[in-house]
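Here come two complexes built around chain A, the first alongside chain B, the second alongside chain C.
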Partner chain A sequence: MKEPQDLIDNKSRRNFVGTAAIAGAGLGTLALAPGLQLIQVSEANTPSAGASSKVRWGMLIDTTKCASGCDACVKACATENGINETVKDPRQGSQWIRKIDLKNPKTGQEHSLPMLCQHCEHPPCVDVCPTGASMKRADGIVLVDRHICIGCRYCMLACPYKARSLVHQPLTAQNPEVPRGQGCVEACTFCVQRVDKGMLPACVESCPEGAMLFGDLNDPNSEIAQRVAKEKTTQVRGDLNLNLGVRYQGI
Partner chain B sequence: MKRTLVGLAAILLLAPVCASAGASKPTLKIENPGQCIAPVAEMRVNHMEMLKHTRDRTLRQGIRGEKASLNECINCHASKVTGSVLGKDGFCQECHSYAAVKLDCWDCHQPKAGKLNVGQAEAAGVKP
Partner chain C sequence: MQTEMSKQSGQSFYGMAAIGGLISLLGVAGAFYMEHHGHQVSGMNNQTFWGLPHVFAIFLIVAASGVLNVASIGTVFGKKVYKPRGPLSGLLAITFLAAGLFVIMLDLGRADRLIIAMTHVNWTSVFGWNMVLYPVFFGLVGLYVWLLMERRMYAYAKTAGVAAFIWRLVMTTGTGSIFGFVVARQAYNSAVIAPMFIIMSFAWGLAAFLIFQRLMFGWNNTELHPQVRERLNNLLGTFIAAVFYFVVVYHLTNIYFAKQTGFEQFILLNGGIFPKLFWGGYLVLGTIIPMLLLYVPSFQRIQGAGIIASVLTIIGGLCFLYVFIIGGQAYPLDMFPGMELKSTFFDGHIDNYVPSTPEILLSIGGFGVAFTLTLIVTRVLPFVPQDDVAKLQASGALHD
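Entry: the complex of A and B
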């Protein structure tokens, strides 16, 4: 599978850059100051620049703060992403994020943590996808392109984190910005529709304990990058060398 | 010979009647006239191409806010009665039924207008 960067249609990118340059030049004549130009461009409904490989979105989850029995993140995820269908067999329900309680039988130490798509740098789901539907954006978010997903579920087998689900039934109550439907595999998207608008993922925003931190791992000034640099964090199944976007503390 | 000629004449006369007795031409109701992103002729021929190219750029490259957007199509073209682009007089379905082109968009996309995502609803200060 190609990296998303390779998939960029060079011609369309040139067209886009060209259009943006023309739009910028056109507005430049109207601009009073360099700062105003940007505002005008955004108001003129110019497309956003898109995902950049300079950014690596990541999440840091502090399991010492995560309360057992609390599922605020799971509920917020379901509301934001329109996961509201009732399934005949509960094993078929979509789980973009789920709560896990762990206990070390030897010491009795207990942990509670949310498990979701880990947004690997080297995602096994992308490796195995026979159609190229499973893909990684330039900014590290791993997605399913439902337009070409055939629902074979190979990615579900390949994922070490059990992060993906298949939709088994027809859906009608989707959120407009989160299309999802029968016969396609799906997983946590880091709430890509929100992240692209500069918002936080729904789960991070909803956590009453503030146990979830979202940010750009590549930006040395971001809180997440500073904490990952200074504090001990764990990647689940770090032995697989997948370089995960989601890191845990306290496990 | 005479019978054959009569038969042939009957076929020739009835042919246009039979053809028009099939599917009736779609009567599209434009809810917000004159606000489309391109002229009617271009939209009729190219709307699927516009949407296809935009969908790939949006999903794979994260480029948002392009001119062609399925959600914008819905918001503008949804029936003011049913709120949807589907249904008997729905903007999309009316034409696609006539042309016998199956619509797969709505297996995943929301065909009703006026629905807000949670994030948008929060920003607008309304309950989702």
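Entry: the complex of A and C
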């Protein structure tokens, strides 16, 4: 037979447990709510479908239209991707795209062309990256995962195009859509943040001569695929058999 | 002959430990400064992105596997003169690898992400393989040294020794392949690089071993028996000659390929510091003079000829690596053969890399770490080789 005091104690204990459970659930909800909201925001920002392997993004550059001294594509890239830092030694600055002037010393023939990551089908940078930070998306865009790049620069040694840069200094005022980081390696992303929204890379859009054409190399109806099929194009260091996403005309 | 470091006066030990520790700490300070300010405070840039720290780190890693050779010759190939040297050889292999990794890890753009390097392994990357090769090397050599030193377990030492010997060959193949598999550059992309690194490891490792052995004998006021010394010197000479052979083949191959001749002219003839370091540093200081010291009687009579030859072999090795690693990047990529290139990113230009103070401190710090670790361990455990020359002579093993 229980004493009245025990009954009271049991009742109050039950009440306490019940109240605590409700309070805990409330606090838990309060604690989780911001996280859940973030997940919702994040899901809202994520495209419903990831990169498709049916697509192979590529670029065709007509060097006969590319004017020496014009660097509109370089400036557009820097603006779009927040490459705005000042460097004491220009060799230490990041260059995702640069203009190269070529001259044949025998014939005197000259060309000017933009050089950027060639988005290889078989990218040596991806092969050599020890952590897998260098990666190729299903649609052929070669990227660096800023969160797992350790800054070993092996990919820079492996790249035949000098297309990669190490960030040599602390960065400020970044474009939130294009995360960059001191000590990490980076390169042209084909403006993936724009491409995923159905827009063109900034360099292509900015070219005053229309020398740069962007599109799906896998789509036989696309302009780029038709021109690559019909016209003579060049892959830089074609001897390496890397099957580049960037092709040149006129060199 | 009883030689124990623990019998040394404490004063000299603490003095040397303080010097080694200070050099190591300066290395850490250099790395911290670079980590804090970014690689803008280094002489490295987007053309020469592997600098002096890589020269020292790769030297230490290659020498680490080579220094184990002394133990392998004793255990795996049964040469009795080498057996007392096994534990010191294994210890140096561990401390040199630790020192090499110390330098290369602290030079990373994101050294704080080391754990990522160990947990995200890309199996197509030679660096990725190294994430397995190095820890297993530590484990195998540690086990091997323990088996060598624990009399009751000595019966298993040969098995561990064979495993460590095979593993060290694989590991140096991996180190050489870091460059050998790079198709983009004229300096690399050659199957001869991996075996060349293996034979270099033999020479550099033995040279380092002889220096440490000399230091320890000096601390204990003892001398290496002349016949043992002659044998070890002979082996060093053989390795130096073998390295020379591989270096000749490597360069001849490149010279033969028309597309590589520009690069060879650069590093051997008109590339500024690089030809000077190759001919003066590697060939004269690091090969010819050591061979004279080791084989020509009038040079052999110079006091400490073998140790001078060892020091010069190491200097020659560092010169070779400087030309190989930095020269290979300074020479511009040949993206458009036969064309002249000009750009804001210095395409077509030869890079003029000059190491900065933090880099130099980090690089030298690697040697400080190897020295200090070895010093401390030899202070507390009996690693100093003890030769019973009379017994070796009686059994004919001195010349075996």
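In this section, the second predicted complex is superposed on the first by the 204 of 251 C-alpha atoms of A that agree within 3 Å, B and C clash if a C-alpha of one lies under 4 Å from a C-alpha of the other, contacts with A are read in each partner's own complex, and residues count from 1 in each chain.
Going forward, a contact is a pair of C-beta atoms (placed from the backbone, for glycine too) under 8 Å apart; a residue touches a chain by one contact, two chains touch by 3 or more.
None of these values were measured; they are calculated from a predicted model.
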Quiz item: chain B versus chain C on the shared chain A, clash or fit?
Solution: fit
Quiz item: For A:174, is the partner it touches chain B (first), chain C (second), both, or none of the two (neither)?
Solution: first
Self-check item: If touched residues of chain A are counted for chain B and for chain C, the larger one
Solution: C
Exercise. Check whether A:182 is in contact with chain B, with chain C, with both or with neither, and answer first, second, both or neither.
Key: both
Exercise. Check the residue A:192 against both partner chains and state whether it touches chain B (first), chain C (second), both, or neither.
Key: first
Self-check item: Touching partner for A:137 - first (chain B), second (chain C), both, neither
Solution: first
Exercise. Mind working out whether A:80 is in touch with chain B, chain C, both or neither, as first, second, both or neither?
Key: first
Practice problem: Quick one: classify A:238 as touching chain B (first), chain C (second), both or neither. | Solution: neither
Exercise. Please indicate which partner A:208 is in contact with in the superposed arrangement: first for chain B, second for chain C, both, or neither.
Key: neither
Quiz item: Which partner does A:158 contact after superposing on A: first (chain B), second (chain C), both, neither?
Solution: second
Self-check item: Lowest inter-chain C-alpha distance for chain C and chain B in the superposed arrangement, angstrom
Solution: 11
Quiz item: Common interface residues of chain A with chain B and chain C?
Solution: 170, 181-184
Self-check item: Touching residues on chain C, where the partner in the complex is chain A
Solution: 35, 37-40, 44-47, 49-50, 108-111, 113-114, 116-117, 120-122, 124-128, 130-131, 178, 181-185, 329, 333, 335-336, 338-347, 351
Practice problem: Under the touch definition given earlier, write down the residues of chain A that touch chain C in their complex. | Solution: 74, 87-95, 98-106, 115, 124, 126-133, 148-154, 156-162, 164-170, 181-185, 236-237, 240, 251
Quiz item: Contact residues on chain B for chain A in the complex?
Solution: 53, 55-57, 59-67, 71, 74, 107-110, 115-120, 128
Quiz item: Of all residues in chain A, which touch chain B in the complex?
Solution: 4, 7-8, 12, 16, 45-51, 79-80, 135, 137-139, 143, 145-147, 170-171, 173-184, 191-194, 196-197, 199, 202
